[in-house]
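Residue numbering begins at 1 within each chain, and the chains themselves are lettered A, B, C, D and E in the order written.
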Amino acid sequence: MNVIMPYVLPVLFALVIVALLPLLAGYIVLVERKVMADMQVRLGPMRVGPHGLLQPIADAVKLLLKEDIIPENADRLVFWGAPLISVTAAMLALAALPIGPFFQIADLNIGLLFILGVSSLGIFGIVLGGWASNSHYSLLGALRSAAQLVSYETSAGLAIVGALLLAGTLSTRGIVQAQSATGWWFIFVAPVGFFIYLVASIAETNRAPFDMPEAESELVAGYMTEYSGFRWALYFLAEYTNMIVVASIATTLFLGGWLRPFANTPLFNFLDYLPPLLMLGVAGYCFWRAPKQPVAVQKMFMVAVGLLCIALTLALAMPLAAPAGSLLASSKAGIHGAFWFLFKVAAYIYVFMWLRFTFPRYRFDQLMRLGWQFLVPLSIVNVMGMGLGLALHRQLNWPAAPALILGIVLTLAAGAYLLATGEKHEHPRVGEEEETSVDA
Amino acid sequence: MTNDSEEKQPPRPAEAEKSAGTPAAPSASPFAPGGTPSSEAPAKPVAPSAAAAAIPPKPGAPAKPPGPPPPPKEAPPKPAPLDNDLVRRYKTRFSGAIQEALLDRRQAILVIAADRLLEIARYSRDEEDFNLLVDLTAVDWPKREKRFDLVLNLYSFPKNERLRIKALVAENEPVPSVESVWPTANWLEREAFDMFGIVFEGHSNLKRLLLPEEWQGYPLRKDYDILQQDEAWVRENLGIDSGQ
Amino acid sequence: MLDQGVFYFFAALAILSAILVVTRRNAVQSAIFLVTALLATAGIFLNLNAEFLFIVQVILYAGGIMVLFVFVIMLVNLDVALHQVQFNRQWFVALIVSAVLAAQVAAAIAVSRRTLYTVPAAPAESLEPNTERVAFYLFHNYMLPFEIASILLLVAMVGAVVMAKKRV
Amino acid sequence: MAERYKTAGTNVETTVLGADEIILNMGPQHPSTHGVLRVKLRLDGEKVVGSECVIGYLHRGVEKIAEHRNYQQFAPYVDRMDYVAAVSNGLGYCEAVEKLLGVEAPPRARVIRTILTELQRIASHLFWLGTHALDIGALTPLFYCLREREEILKIFEKYCGARLTTHAFRIGGMQYEAYDELEKDVERFCKDFDKRVDEYEALLTENRIWVGRTKGIGVLTADAAIAMGVTGPVLRASGVQWDIRKAMPYAAYDQYEFSIPTGKSGDTYDRYLVRLEEMRQSRKICLQAIEKIPAGPILGKVGKVLKPPPGEIYHSIEGPKGELGYYIVSDGTTQPYRVRIRPPSLMNLEALDQMIRGHLVADVVAVIGTLDIVLGEVDR
Amino acid sequence: MVPIGHYIFLSVALLAIGIVGIVTRRNVIIILMSIELILNAVNINLVAFSRLVGSVEGQIFAIFIITDAAAEAAVGLGIIIAFFRNRETVLADEMDILKW
């Protein structure tokens, strides 16, 4: 019994994550479509369920029922297995993430490295899938994707190092606790690092404006060109899971994890009431809209959503109302922590969407140039700047603020220099000097 | 980005001056044949109000009075011989090759010998500044001895003039390609080959443009029925009996 | 109990995929099985409380080196390669070498059978925090080899670029 | 399987490959070839070293059909060529036949024609801008553009009942009288269209990525453009200030004041700026035109049966994509003896090969987009 | 902990498989992969013994071996690419002249 006991809770958490993740990814897609529609003066999905709320489920059913097509000349085994690799890698990475102080599958002492390492294995799914499809588009997309991932992982890793210097531990829980102890989220201490990680994480998840591998106007759908139905859905799931993973890393590392804003200031304790009020507001909106739905089923569904929100409101409000010292009150940290964590993850993902609908797409060589000639040098300088600031603070006993600000200023100066020199290296026509020789 | 709109306009007032003796009066029929032999504006399909339009109208007060439309009944437009400076220059340069010079609906047409097409094309571009090959096409007259009209529509940016060069070509008679003069002729000649079967000598890549390469027959010839098709090709490649 | 189950599972997986690596005709499939073998090894490392090495194995070996392999295989992937004979005629050499090796191992085990199975491992509680210890050794006792390794990597990088560059 | 799709044949140039070269087949089913264009790209890595366009997938034999229809019957067919700018096509055809007949449309018809054609130019450019931006990865401008295009299509719908293939004009003038609020509708549209163009510019013009993706891409010098027979905005972006509306005015363009925007370097960015400015100029023309629409008949004196005297005519207008020309030969019967349509897209597409050599695959997409081709017109 | 002998067995097995691969395969890339297998076998031994004696120094050696493997893979694959570009082959027994 003693052998089994420690595994019960993690396995339970893992089951919850695996069960909820596809649903969550589906609803992220729905939110993305809604946000996109709002930015593009249209409505987005409206047909399935009230305001399209059942759209993800309809999509999932459609994808599952689709014919599974494997191209004739494809390598069947690899073609079959590649999406699984992607999804597995993405999901494994979630294991080390602390969603609230209590909800975590495993608190590894190499937590952050584990997330990075495992999620980088997803690249095999992409490369092998592209190769196995036996199509030029797929292969080009796969190679691009691999090159891009490897390039931006460098700068993402270095950006993380900056924050790790501050935390002094690789454990994800330890990192959040370090932020809790100082009261400063690392985004304020290492803003350059956060910026680098933001850019690199967009590139790593192959999102616009870095969505080279699946740039639909050039490579049709990149490595996914030949995929359809369920396998395609798996790739999609992997992509959105990866988004959740990078958003979680950023949240844990820079945005204070499960901590409430101003967690250490009693003056801002009223923020504790924000989550239940927010859910209450959503519930109220649902009830208000329910009678206006055209079909009875949709009305009922809308009411059901409202009731769900009420339930969440209760769950969030109870620990606040319960008498201090009771079991309910002590669960406050867990429940509210989870809320704030998910809230920050959602905000981070919203930034992803916002950028996607605003920017055109980089060209592949421009993207590589940005990665190697701007982000990587900048992140190296950032690590050195952080190191300098911390050394001044810890070894020479400088006060923290000026030491760190000095480091940040130096990093920014380096960034400005890189930007200024980078402009000169633009060659629009690749290999202009070789032009004459290839002209047949 | 914006530019002075009048900058490129000198040709128009100048021409309007030159063609002073010609149908400048708006009320006269603009299509009167033979009205412009002396003018140097053979290819100026400008409305008769050209002189008026040369002066930019004040915004809000269109210069063109809403007068009655010109009476169209005077004489039906028909081709007439043309003899102006341009034609004379061509005739002196290529004495035998210019077979005919016509003016049809105020548009100048030169009929030339097909075998000297390349020379004339080069001269037109270099000496006469017809630097834009607007179009190259053909017309099929099956009853004629040389059944095809090869038609080149030229335009001159400096002179703001159009000129049409026609060459009579018999079936299976090779024509020199003008691709070396105007690179745009590449596709246009391919299309003419595709549709009429006219073979251009010296073309870099003469194959069908719009139709599949294995297609039999030349659709725009008059003896190609509108319902006709290459049934063998359709059956083999599309797997259906008829593409209609 | 669980520890041993995990080891035997990963060991079997490693050997099985290693066999597939050398027997598959298709280089890409070989590479996939090599990744599997490496990940199985990583699992064994984790089982041995070598967490840092585990993650190094995953990031560097499986995630880095193998991606390079897959890249190169795809670059030089020729349809003709599939129709070529993938094995040479040196089976007997391989057989002899393996046999000799097996004999050696058998002899070694025979000699030290007792000690091999009875030496007690250091108790798990006595192990120091892995990552910190590795860092300590790397940057104290093994500083010079560490620096030499970095120079080796630099040299390798330059060499690889020079080799693979198209037009010098 | 392979047998069935070998229609395109082989080309010596593209089958003999260098060691590092591969052939990438773009299209005919590809999201960004704007229809059924197929481009065979010869690539060195991702760099284009040569290309060949395979067109004709949409060939319907419009010119052959013309020889078997009478003059009025053929008019709706031209709408199906450049289906994003059907009004312009119709204008060109009607004016060409009018010239062949020797008649002229009455002033009122000419002004209304001008208004509708300019609106159509704006609609066509809007559609181009949206899809071009989409090709380069900017999703949002497409919907902004479609929103404004919708307004224009509504005006068309109110005028003649059709939105896309309008068949708005008749030979000799127009079939329908303008509806009562035409001026008001056009004015309402024009009033805030300027701000809308500013909106697009805010999204794109200064955007680093957009500039990086378009500046210096697909450069076409003025000489090369003329040699390749390129016309329209593409030619003007190369620095040639030439617009048929100014050079040889038709319809009622000689009455209005507008300028011809030109570019300097002839790259994709310049073409983008030129088209944006053209939209502004078209708006200006519309505003001038609605101020005074002359009264009078809308249909000139043409008979029920059109029998142009024997002869021929070449008439061209400045379509949204370039010089749209009609060469019509009459033999004196009710049916044209030969109709040749000079499609601007065809010549513009011909320059593609020259423009993309040395660029990357991603730029091919940008250049195809910037040429603003419509395959219905290329293939006819 | 599993008896150390089993780790040695695993290590020897991987080593033998790697040698078989090197000796019998013609594809240079697969030969390189077999070398990786052998290096991996060594690592298992090192880590197992490091656990046995309760010190992490064995792992340090394993890290150096991984570094070495990375360097070897980079250079080796670079050579393969250069060779492939010239000879259009990756078969070991066709690499039989010193200069081309």
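Please note the rule applied: contacts are C-beta pairs under 8 Å (C-beta built on N, C-alpha and C of every residue); 3 or more make two chains touch, one makes a residue touch a chain.
Since the structure is predicted, the reported quantities are computational estimates derived from the model, not experimental observations.
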{"item": "Touching both chain B and chain D (chains)", "value": "none"}
{"item": "Remotest chain, chain A as reference, centres from CA atoms", "value": "B"}
{"item": "Remotest chain, chain E as reference, centres from CA atoms", "value": "B"}
{"item": "Inter-centroid spacing, chain D versus chain A (mean Cα positions, whole Å)", "value": "43"}
{"item": "Geometric centre distance via CA averages, chain C-chain B, whole Å", "value": "75"}
{"item": "Geometric centre distance via CA averages, chain E-chain A, whole Å", "value": "36"}
{"item": "Cα-centroid distance, chain C relative to chain D, in whole angstrom", "value": "62"}
{"item": "Where chain D touches two or more other chains, by residue", "value": "13, 20"}
{"item": "Of all residues in chain C, the ones touching two or more other chains", "value": "52, 64, 130, 166"}
{"item": "Shared interface positions of chain E, touching two or more other chains", "value": "85, 88"}
{"item": "Chain A residues touching chain C - in the complex, by the definition given at the top", "value": "3, 75, 77-78, 81, 108-110, 113-114, 116-118, 120-121, 123-124, 127-128, 131-132, 139, 142-143, 146, 150, 170"}
{"item": "Touching residues (chain side chain A, partner chain D) in the complex", "value": "36, 39-42, 72, 136-137, 140, 208-209, 211, 215-220, 356-366, 426, 428-432, 435, 438-440"}
{"item": "Residues of chain D touching chain A in the complex", "value": "1, 13, 22, 24-25, 30-32, 44, 46-47, 49-50, 133-140, 142-144, 147, 203-204, 207, 209-210, 212-213, 215-217, 219, 267, 357-365"}
{"item": "Of all residues in chain D, those that touch chain B in their complex", "value": "4-9, 11, 13, 55-56, 59, 61, 63-65, 67-68, 99-108, 226-231, 240-242, 246-250, 252, 254-263, 273-274, 277, 288, 291-292, 294-296, 300-301, 309-316, 323, 325, 327, 329, 337-338, 340, 342, 346-347, 350, 379-380"}
{"item": "Touching residues (chain side chain E, partner chain C) in the complex", "value": "1-6, 8-10, 12-21, 23-27, 29-30, 32-34, 36-37, 40, 43-44, 47-48, 50-54, 56-57, 59-60, 62-64, 66-75, 77-82, 84-85, 88, 90-93"}
